[in-house]
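What follows is chain A paired twice: with chain B in the first complex and chain C in the second.
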Partner chain A sequence: MKKEQSIGMKIWTNHYFRFVLFGLMLSMLVPAVSGGILKTSFLGIVGGTIIFTIAALGLNILLGYSGLISLGTAGFMGLGAYISAYVTGDMGLPWEVGILAAVLIPTAIGILVGLASLRMSGLYLGIVTLCISEIFRKTFDELDVITGGFSGKSANYPTLLGMIDLNQKQTYILLVVVLVLVMMLTYNIVHGQMGRAMHVMRGSQVAAQAMGVNILKYRLIAFALSTGYASLAGALYVHFIKFVYPSTWTLMISLTILAIIVIGGLRSIYGTFLGALVVYAMPDLVLKRIPVLGDINGLPYVFSGVLIILIILFYPKGVVNVFSDLKRLFAKLTASKSSAAKDEVPNDVG
Partner chain B sequence: MMSDDPTGAQRTYAATEDEVLRIEHLSINFGGLKAVDDLSFCIKRGEIFGLIGPNGAGKTTVFNCITQFYKPNEGAVLFRGLSGEMENLVGQKVHGIIRKGLVRTFQNMELINELSVIDNVLIGAHIDFKVGGFSQALRLPRAVKEERAMRERAMRALDFMGIAELADAPMGGQPYGIRKKVEMARTFLCQPKLIILDEPAAGLNDVETQQLAQSIRDIREKLDCTILLVEHDMRLVMNICNRICAISFGKFLACGTPAEIRNDPKVQVAYLGEQEKED
Partner chain C sequence: MSTFLQLFLRSIETGAVYALATLGIIVVFRTNLVINFAQGVMGMFGTYVITVLFVRRGLPIVAAIALGLVICVGIGFLVDFFIIRRTKKVDGSGKEIITLGLMMVFVGITPMLFGVDPLKLPKVIETGSFTLGGANLSYNSLLNIIIGLGLTTGLFLLLQKTKLGLAIRSTASNERTARLMGVPTKNITLFAWALAMVLGALAGSMIAPSTSVTVNVMDSVQVNAFIACVLGGFQTFYGPVIGAYIIAVLTNLFSYYISSVWGTQLLYLLIIVFLCIRPVGLIGKKTIKKV
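Moving on to the complex of A and B:
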């Protein structure tokens, strides 16, 4: 059917190409900030959005594709942040080692949670993951030899390969590169055998088993990926914000990430970024600038709460579907116009 | 394992060559209820075999015992799969059954609405993917090659069912008849030795049922497999089955050709008699 594509069309529909293009668009922020078109604070906001997108992509694999809930994303993000800060700071090891340790250790713990998850689902799984997250947070408070306790822990911008010291703008570019890689990885995973196995595990456990899908194995994969993404996001966070407090990693962060994928669109990679933009960046960029209303404390939470209700009630596919719906609407409008034009032609049949 | 076999299943391991599935003294209880009681029958290679019985006879329970969704209390389910040897399925993992060459369908189809039609079919090839997860995640050439080969196979399966043009359509919103066809394609994609169909004609009209009968025959011919049919629609069963086993209240009634079953007084009392009164 689609064999007659031109080379240009082939490149345009290539997903890698689109992700790279997306990354290039995000990188445009750096010259915009350097040139004085946008404020420097934009860098921090969009960088934060990227970090939240990475964590939310992991939750999207877990919740969107596999149908398993986790309210423990914040705990794993924090764990990643602290491990990377400790390994690069106190132990003096390279940034690459830090990030590797910060991803692998939480992922291993995530697999253990996955093992426990086989016996429960839904609300109960939510509660258990929430408890695990709170245990982590309490540990960040108490284990001050490693975490610095209440006063927090600082870290530096990454030093690549032990020699290239990055500044904030370059770190931002690094975030974009990691995001693009994570998006590609996610795309490959969810569009292959693994993604289908996760789909069928969510849609019908009996069908999954009958088709030879090992439920335990795929639950573990889903948990490993989700905690791996979350801790990667945490490790990037600590080297971008340069500071980490225990009080950051509360339930609020986990719920924000949940809000991101619900609002942006379950099972959508670009939707996850869009959701992060709406939930994380919108309050800082737009809401706080509204007079009077913007001064209300906690307005962002009200905003995302109301948005979640509206989206679930009226637009369950998420904000990302606005584009395809608009496209369809446009096609419909042009089609009805042309058919209306046809009707004006005298009709000799009827 | 060889000693102490109260059901006597062991002696039948040397079953005759042409048997594909042999149910031996199968029993399962739910609380006090004996849903299946000492049931035995066997299916020969290349047969279309029907399992019939009135509502609540335990057909689906037998079905679930064969596919290990339920663990029978007693008895053996002997299956000659891809390995060529008769082996007992009882106690095996549910997701391992398909690897033996035994695959089932569902009454309510259990398709995934969020996936496209062809992706739903590809789920049936899950066990045939050999490339590991890391290669898939990095989209290495061999993963791409395998995915493409599987897609072509799924395309042929859809073509066989006559719905190739729907390959990229979303599953959600497809009409019932199409969904049945997609499930059928998903089922035979892994080239099984035995296909168990759970009430395939449920909810189909007469024309669709006739098409179904034809495609069941075609699948049997083309794939050289055996088919076990659990069905309410007597016309379909009488029409396409080589042999039929009738059960009632979990107990064996009779086993034989459609004509024999039709004329069996026990079956008439338990099943066909009632059916005629209802009509």
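Moving on to the complex of A and C:
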């Protein structure tokens, strides 16, 4: 179809516009909470989902595009959180400096990991990154001058430009803004030359090298991006939750982030958010509202565990495909209705 | 010298725990081609079953362990039959995510069944110790060391000398071909998951007396077991076990002779450096990927 698009259509199909629209939709939560339509706890849940989405987007670049696995996301998130809390709290520097340090230092370490990854692949790489994450976690325990040890470390809501003190709702808006920016950045990266190079690299390293793709460069970039995103998420976490414990950053968090991208759909930006919503927010959003069940200890875990197993078993391509599948189903339904020939519509969403 | 021997013997005891957990991971990995992230919590759950049989049902400790292990076999069968068997078509990281789901289910179901309070599991042999070359060793530690070494040796003999072992090894090397040759691969994976569950529960009940039985009882064991797998190499059954003992010995030596705070981190760092030099582990073969 070569039909000339109207200006309205052009804006509607523009990806940046859609990301901004998505951000606006998420920000609608603040008036909804202020107006008393939704409970305040929703802010915390969706804010947490946004933080996990940012970390998962980084892992999506690494695993989805470059085909490299990392089980060390939690360690880098924790590192970002502690650096930001230390720089803003103990050193008294502005929030912007804190977040910059919290992203740059872990990213530099991430590049080192990328160097090490050149000789490893698959599950060896996964467990070596787990090893790095454990080194961080043990250090969080022991280095109590900086991390506060087992008792944890607190931080405040961010102060923008040294004068604007944010409260929880405004911090939530800040999270949404960062998420939209990160989504745009990710979109540009994966749809540019870099994304194509990573695609080839995932398919076959030898073939990629034969085509002139510099494996070293793109592996390092992929690792730098994923650790940068993870530490950014960690730094946002500490200023949103206002507290950080060493025991948070275990293998479970890394696996949860891995689950987010696999369940949401590899190589999908919106899918990553959907995955975070399913894995992280669903137990809180659904279970806590049911009177008796919500009080049973451990039920949220069972709920998400069963949900994860069922989605992987019956919907392995990721929940992001649910929309296109529904559209196809709908088209099929209307088509069969108009022809009125078939009595049975195959309804294979699974 | 006696300090060193004392440290060494204690390490062999910890090594037994790591080795059993590692064997659980590797048996499942070789037969199902999935890294079982739920190995730790499966062991934790088994330990809870044993502890509850002892504390609440009042069974003698040995009977509680025996009955607990039988229940573990059943749980292993259930896990394979209802979940893992259906994942044949799942590709990529999907299988690992399934084990994460399994992990969450076990973590969630434990407080529902057994309550949130930490429980206490006693040693099998409560008292008594002897001296060996200046090093003091309790009878219970000796029992743990013997169980660790005995079980690993027994499993190697099973793998190398029996028909079942041959079936496991052929499934591990190529599941499809094994099935074509008439190996009942479904029963093999069933056996593998039950074995993983039993080994996990044994490891858990060996380490539980030194701490208390909580949801996190196996966390550090699991991480060390994974690292042992890459240190030893995933291609053999015995490599990871050697890796497990090496990690246990070095952890204790490092934290005693170098630093109790930084010893473990240093060891992990050295393992990473070692893996950079030998990316397939101590005993591993490089698999060549075709373009």
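By definition in this document, the second predicted complex is superposed on the first by the 305 of 350 C-alpha atoms of A that agree within 3 Å, B and C clash if a C-alpha of one lies under 4 Å from a C-alpha of the other, contacts with A are read in each partner's own complex, and residues count from 1 in each chain.
Note that in this section a residue touches a chain if its C-beta (ideal position, glycine included) is under 8 Å from a C-beta of that chain, and two chains touch if they have at least 3 such contacts.
Small disclaimer: the values here were computed from a predicted structure and weren't measured.
Using the contact criterion defined above for the overlaid structures, shared-chain residue A:112 touches neither chain B nor chain C, since it reaches no partner. When the shared chain is aligned, chain C comes close enough to touch A:258, but chain B does not.
When the shared chain is aligned, chain C comes close enough to touch A:250, but chain B does not. In the superposition on chain A, A:313 makes contact with chain C only, while chain B stays out of contact range.
In the superposed model, A:24 makes contact with neither chain B nor chain C. Once the two complexes are overlaid on the shared chain, A:207 sits against chain B and chain C alike.
The partner of chain A that touches more of its residues, comparing chain B with chain C, is C.
Of the two partner chains placed by the overlay, only chain C lies in contact with A:123; chain B stays clear of it. Chain A residues 204, 206-207 lie at the interface with chain B in one structure and with chain C in the other.
Contact residues of chain A toward chain B in the complex are 185, 188-189, 192-194, 196-197, 199-200, 202-204, 206-215, 221, 267.
For chain C in complex with chain A, the residues that touch the partner chain are 35, 37, 83, 86-87, 89-94, 96-98, 100-112, 116, 219, 222-223, 226-227, 229-230, 234, 261-262, 264-265, 268-269, 271-272, 275-276, 279-281, 289, 291.
For chain B in complex with chain A, the residues that touch the partner chain are 67, 69, 93-99, 103-104, 106, 110-115, 119, 122-124, 126-127, 129, 133, 136-139, 143, 147, 186, 190. Within the complex, the chain A residues that touch chain C are 63, 69, 116, 119-121, 123-124, 126-128, 130-132, 134-135, 138-139, 142, 204, 206-207, 250-252, 255-256, 258-259, 262-263, 266, 296-309, 312-313, 316.
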